[in-house]
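Both of the next two complexes hold chain A, though its partner changes from chain B to chain C.
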Partner chain A sequence: MPKYYHDDPRWADIDALPQDDGGPYPLAAIAYTDEYSEAMSYLRAVMARNEMSERVLELTEHIIDMNPAHYTVWLYRAKVLSATNSDLSREIAWLNPTALRHLKNYQIWHHRQTIIDKLDSHVGEADFIATMLEQDAKNYHVWSYRQWLVKRFALFPGKGGADGEWDGEKELKWTEGMIEADVRNNSAWNHRWFVVLGGREGETVSDDFIKREIDYAQAAIRKAPQNQSSWNYLRGIVRHAKLPVSALKDFALEFATLESSDQVHSCHALDLLAEIYAAEENTWDEAAKAFELLATKYDPVRAQYWKYRQGLLRQGGVVA
Partner chain B sequence: MATVVPVAGDESKFQHSKHINFWRRCLKTFLPHQYTSNDANRMTFAFFILSALDLLGNLQAALSAEERQGHIEWVYHCQLPEGGFRAFPGADFGSQRNDENKIWDPAHIPATFFALLVLALLGDDLQRVKRREILIWLNRMQRPDGSFGETLREDGRIEGGNDTRFGYMSTGIRWILRGNVEGSVDGVPDINVDKFVECIRNSETYDGGISETKFHEAHAGFTSCAVSALSFIDRLPLHEKASPQPDDYLHGISNLPLTLHWLASRQTLTLDEEDTIDKFADETDSAATCHDSRSFVKLRSYPSKAGELSFKWQPTSHFELQWVGINGRANKIADTCYAYWVCVPLKVLDHLELVDQRPIRRWLLDKTQHLVGGFGKLPGDAPDIYHAYLGLAVLAMFGEPGLKDFDAALCMSNDAKRYIESLLWRREIVGNEEVSKEGERAI
Partner chain C sequence: MSLVSGPGRGGMTDLPEELRLFVDKHVSYIQSLDTRKDELEYWLTEHLRLNGLYWGLTALHLLGHPDALPRHEVVDFVLSCMHESGGFGAAPGHDAHMLYTVSGVQILATLDAFDDLEARVKSGRQRIGQYIADLQDPESGTFAGDEWQEKDTRFLYGALNALSLLGLLHLVNVDKAVEHVQSCANFDGGYGTSPGAESHAGQVFTCLGALTITGRLDLVDKDKLGAWLSERQLKNGGLNGRPEKKEDVCYSWWVLSSLAMLNKVHWIDGKKLASFILHCQDPELGGFADRPGDMVDVFHTVFGIAGLSLLKFPGLAEVDPVYCMPRVVTKRCLGQ
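And now, the complex of A and B:
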C-alpha cells in the first residue's frame, strides 16, 4: 500500500517542496513513483525548516525504506532522535528488520554504531548479528560491525571487559564455531586474526601464541587441504612471527611433493613449497619445477602468474 | 601438447551495437523506478552513462550541441554555492536553502569527483567550477588518521566511512584540479599526502589485499581504490622491473609480491551459485565448482564420485579454462564488477599480464553480457548500469576492438584524460611537460 501525505491532516501544515530536476536536460533521471516523489517533497520541506519532531521520524523511515543510500536522511534522523529524546532501544528494534531488507547498505551500519554507542550496551547485538549471518555468512558490513563491537566493548581475549554474557574468550569460541560451520568462510578467518591480534597492537607475541595459531590453521588445512583461507592465515601468522617460510616445509610436504607429481593434494601446498625453494638459491631448480607444475597441471587458472614467478627466479628470486 | 578446446572461444562476440543501444536508452529515457534506491548516486550514474558511450566511440553522435550544453548546465545546477557538488537534485532546497538547512545538502566527495569527470566528458573547460573552494574543502575532508570522508557536518565532523573509496575520489579530485604537484597551490595548502599513504598501509591485510580499514577483510574494491589513489599521488610501490632507486617518499603497498599473489588468486572457476556448493563435502567436485583446481589435484579419495561424474562427459582436460571469472574476496563467487576491481590495480601496477585475459573475456562475453546489451552481475542476470559499465571497462582495458583506450586509475578513456590534462588553467598549475598534444582537441 503506497503511503501519501497530502491527504493526511497531520501533515496539512506543510507545503511540500517539489524536486527541481535541474533544467530540461537532467542526467540519470529516474521514473520515480508518485509515492517516492511526494515523500521526498515532504522530506525537503521539513529538512528546510529543520523540524525536529516525531512525525519526521516516521517520514524518514518511509524514505529510508525506498532509498536507504540517501546520505543525509540518516544524519537528519539521528539528530531528530536526539532532539526528541527518543527511546533508542526502539530505534534498534526498527533497525533490525530494516537491515535485513537492505543487506548491502553502508549508512545503516554507521547509524547503528551511533545508537549503540549512546546506549552503551551490546545487549541483543550478538543475536542480531547471528540473524544477519544466517542470510549471508560473508556479509562484509556485518563482520565490520562485529569488529566495531569488539573494540567498543573491549571484547578481546585476555583483555578484561568480561561480563559473562559476552567476553573475549567467548568471542574467540564463537569465531571458531563460524570457521567450523564453513572452513572456507574467509570473513571468519579474518575475524580470528582480528580477535587474536587486534587487542595486542605493538606487543610481541609469545611462542605459545604462535604455536597455538599455527596448530589451529594446520588442523583446518588437514580437514580441507584445497582451501586458500586457511593457508593464507597460516602463512600470515608465520610472517607476523617473523619466522622463515621454511619453517612450514615439513607441513607443506604432507600435501605435495615434487618427487612424485601425482601426489599433490593441494595446490596451495605446492605454492608454499615453491616459495620455500625460491627463497634459497641452491633450490631454485626445485622452485622452477614447482611453478611449472602449478602452471601446467595443478593450478592452470593462474598459469600466467606462475610463469611470471618462474621468470623471477632467473632475475634473482623475488618472492612474497 | 596441443589440446583442442571443445567450445571455440573465438566465437565469443562483443555486441558493440547492442551496448550502444543499452547506453543510449540510459541516456535518453527515464531509468526505471527500480533505480530509486540509487537516487543518491545519480551523478555517479551520469558518469557511467556518458563514459560508456565515450568508450564505445558514440558520445559525439549521441548528443546534439543543445543537449550537450543542457547536460553541462545540469551538472552546474548540482554545484553548491560554497563549492563542491551534491549527488542528486533531490537534495536541493532551491530558494529555501539557507545557512541553517544547508547541512542537509552538503558537498559530497563522490559527486564532486564524478561531476568533474562528467563535465570533462561533455567538453566543458571546468572554468565555472569553484576549484579553489573545492581544494580548501578537500583539506577539511581529511581526518587526522589520513583517511577521507564523504560529507562534512556543521560542527566540522567528517561523515562517511574511512575506507579507500573516499580516499580514491578525494585524491582523484586533487589530481584533476592540481595534478600531483605537492605543497601549496594558489595559496591553498595540500592534503597530508604522507598521512594518507600511511592510512592505506594500515589497511593492508595478512594475505596481501587491502581492506576497508585496519583488520577488516581484504576486498578487491578497496584494493583497487587504494592502488589508483596511490597512482594519483605518485606513491605507487617502486616497480621491480625498473631496478628502482629508493627515494625519500613513503610509498603504499608495503609487500608488492604478496599483493600481486592476492590479486592473481582472485581468478576463479566458481561462476554461479551452484558452483559454490561442495556437494559431496570432499573437496573433489569437478573444477567447475567452488574449490578451484581441485580436479587437477590428487586428493586422498581420488577419483571422487563428483570428479568421475563431471569428467565422464568431458573430452579434454582443459575444458575448465574456457571461462575464468574473478571474485572480490577469497572463496567467493565470480562477479562482473570484480573483474574490474581486480584488473584495475593489476593494470595500474603494470602487471595486467599476470592474468590470462582470454578466458576472462570469454566469461564476460558468454556468461554475463546480456542479450539487450550491458552486463549483469552473474550469468543470466539482467544488466544494470553499474555492472554494465565495469564490464565494458574491463574489455576496454583488455584492448577490445571498437572500444577506446582506457585509463584504469581515472576509470575513463585516455582521450578524456588527455582532455583534462590539456585544460589551460590546469597546465598553468601542473606545467606542460607531460601534456600530450592530442589532448588539445575536444573529445
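And now, the complex of A and C:
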C-alpha cells in the first residue's frame, strides 16, 4: 500500500517542497515514483525548518524503506534520534529487518555502530549477525561490523569479555564454526587472524599458541589443498612467528613433488616448495623446475609472474 | 547523469569472432542517461548523481569523445551541488560528503574548469581543500566521509586524490595518512577498509593510490602484493575482488590499475581479460555489465573502458591508473 502525506491531517501544517530539478519532465509516470517523490518533498520541508520529532522518524523510516542508499536521510534520522532522546533499542529492532532487506547497503552499518556504541551493550548482536551471514557468508559489511564489536567489547581470547554470554573463547569457537561451514570463506579466515593476532598488536604470543594455529591451518589445507585462504593463513602465521619457511617443507611435500608432475595436488604447495628451494643455492635447479611447472602446467594464467620469479634465481635474488 | 541500469544487457548478442569495442554505441548510451527521468530508478539513484556524472564523463573522454556532454551545463550542475562549506553533495539538496566532493573536483579537473570555479565561487579551490582537510582525524591520520564520522580507506584515498589535483596536499598531515594506510596492510599482502579488515581489491586500489600520490610506494611489498593481485584472475579471464568470489568487470579496473601502479600488468593474461571485458558490452544499446548476461550500467561502463585502456586497447585515450582520469588531464593538473 503506498503511503501519502498530503491527505494525512498530522502533516497538514507542512507545505511540501517539490524538487526543483529544472527540467520539464513529469514525475507522475509511475505510481511508486509519486509516493517516493511526495515523501521526499515532505522531508525537504521538515529539514528546511529543522524539525526534530517523532513524525520525522516515521517519515525517514518510510523513505529508507523505499531507498536505503539515500544517506542524507540517514544522517538526518541520526540527528533526530539524538535530539528526541529516542529509545535506541527500538531503533535496533527496526534496523534488523531493514538490514535483511537491503544486504548491500552501506549506511545502515555505520548507523548501527553508532547506536550500539551509545547503548554500550552487544546483547542480541551475535544472533543478528548470524542471520545476516545466512544470507551471504562473505558480506564485507557484516564482517567489518563484527570486528568492530570484537574490539569495542574486548572479545579477544584470553582477555575476558564483558560478560559470559559472549567472550573471546566463544568468538574463536564461532570463527571455527564459520570456517568449518565453508573452508574457503576468506572472510572467516581473516576474522580468525584478527581475533587471534591482528587485534592485539604488539603483544608477544607463546610457542604453543603458534603451534595451535599452524596445526589448525594445516588440518584445513588437508581438507582442501587448493584453497588460497588457508595457505595464506599458514604462511602468515609462520612469517609472524619469524620461523624459516623451510619449516613447512615436509608439509608442502604432502601435496606436491617434483619427481612426478602428476603428483601435484596444490599449486600453493608447489609455490611454497619453489620458495624453499630458491632460498638455498644448491637447490636452485629444483626451484626453477617448480616455477616452470607452475608457468606451463598448473597456473598458466599467471605465467609471466612465475617466469619473473624464475628470473630472480638467475639474479641470485629470492622472492619472500 | 542517471544511474539507471539497462536498457541493454551485456553479451547477449553473439559477438563477431574478432572482438571489437562499440565506441559509438557507448557514447550514445552515456548521452541518453540523463533523459530517463520518467523512471523510478532515476530518482532512487539520485544519491549517486555526481559520481555518475564523473563516471560517464571519464568514459567519454577515454572513448575519444570529450565533447559529447555539454560542458557549460555540466559545470553548472557540479557547482549547484557545492555547499558553503566547500563540500559537494550528490545532487542539489543532498548533504556534502567526501565521495561527491572528490567526484566534483575530478569533473572540474577533467573539464579544465578550476578557473570557472574561482570565477563563480570566491576562493573556491581553497574552500574545497579546507572542507577535505577538516575531515582528517588528527589522531589516526585517516579521513571521515562527512560529519557522521564513518571512516574508510576510500575516503583517505579520495582526499589525497582531490587535494593533489587542486595542488593543496599541504593542507593535511600526509605522513599520518601514510601511517594509517600502512596499518591497513594485511598478512596476505593486501589491504582492507581499516586496520584488520579483509583484503579487498577495491581497497588495495585506494591504499596503493594513496601511497603513489604521496610518493611512498617504497613501503609496499610489491612482489607479495603483485602475487595476490594476479591471483585474482579466473580461468574465464575475468578478475575477482577477493579469493573465492565471482569475477566482475569493475575489478578489471581495481586489480589492473593496482598492478599498473606496481608495474606488473603483464603478470596477468591481458588478452583473456580484454576478451572478458568485451563480452560484457551490449553491442546494440551500448554500456557494460558486471558480467555477461546482466544489465549494463554507467559504473561498469567506465571501469570496463578504463580497464581496456590500461590494456592498451587500440583507439582509447590513455588512462591514469592512480586517478581513473585521462592521463592528459592529470598531467596538466599535476604539472607533469
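Definition applied: the second predicted complex is superposed on the first by the 303 of 320 C-alpha atoms of A that agree within 3 Å, B and C clash if a C-alpha of one lies under 4 Å from a C-alpha of the other, contacts with A are read in each partner's own complex, and residues count from 1 in each chain.
The rule is simple: a contact is a pair of C-beta atoms (placed from the backbone, for glycine too) under 8 Å apart; a residue touches a chain by one contact, two chains touch by 3 or more.
The structure displayed is predicted, hence computed values, not measured ones.
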| item | value |
| --- | --- |
| Clash or fit, chain B versus chain C on superposed chain A | clash |
| Greater chain A contact set [chain C / chain B] | B |
| Partner chain(s) touched by A:N50 [first = chain B, second = chain C, both, neither] | first |
| First, second, both or neither for A:V264, with chain B first and chain C second | first |
| Chain B versus chain C as contact partner of A:S230, first or second or both or neither | neither |
| First, second, both or neither for A:T283, with chain B first and chain C second | neither |
| Chain B versus chain C as contact partner of A:G199, first or second or both or neither | second |
| Which of chain B and chain C A:Q147 touches, first, second, both or neither | both |
| First (chain B), second (chain C), both or neither touched by A:T60 | neither |
| Contacts of A:T175 with chain B and chain C, given as first, second, both or neither | neither |
| Touching partner for A:T33 - first (chain B), second (chain C), both, neither | both |
| On chain A, the residue positions that both chain B and chain C contact, one per complex | 19-21, 23, 25-27, 29-30, 32-33, 36, 40, 44, 66-67, 69-72, 75, 110, 138, 140, 143-144, 147, 184-187, 190, 193-194, 197-198, 228-229, 232-233, 236, 239-240, 301-305, 308, 319-320 |
| List of chain C residues in touch with chain A within their complex | 37-40, 43-48, 89, 92-95, 97, 146-148, 150, 186-188, 192-200, 221, 223-224, 226-227, 230-231, 233, 235, 242-245, 264, 266-269, 272 |
| Complex contacts: residues of chain A adjacent to chain B | 17, 19-33, 36, 40, 44, 47-50, 66-72, 75-76, 106, 110, 138, 140, 143-144, 147, 184-187, 190, 193-194, 197-198, 224-229, 232-233, 235-237, 239-240, 262-267, 297-305, 308, 318-320 |
| Touching residues on chain A, where the partner in the complex is chain C | 19-21, 23, 25-27, 29-30, 32-33, 36-37, 40, 44, 66-67, 69-72, 74-75, 78, 110, 114, 138, 140, 143-144, 147, 184-187, 190-191, 193-194, 197-199, 228-229, 232-233, 236, 239-240, 301-305, 308-309, 319-320 |
| For the chain B and chain A complex, residues of the former touching the latter | 26-27, 30-33, 35-43, 45-46, 49-50, 67, 69-71, 73-75, 77-78, 87, 89-94, 96-97, 100-101, 103-106, 108, 118, 150-151, 153, 159-161, 205-208, 211-213, 215-219, 240, 255, 257-258, 260-261, 264-265, 267-269, 283, 290-294, 296-300, 318, 320-321, 324, 329-332, 351, 353-356, 385 |
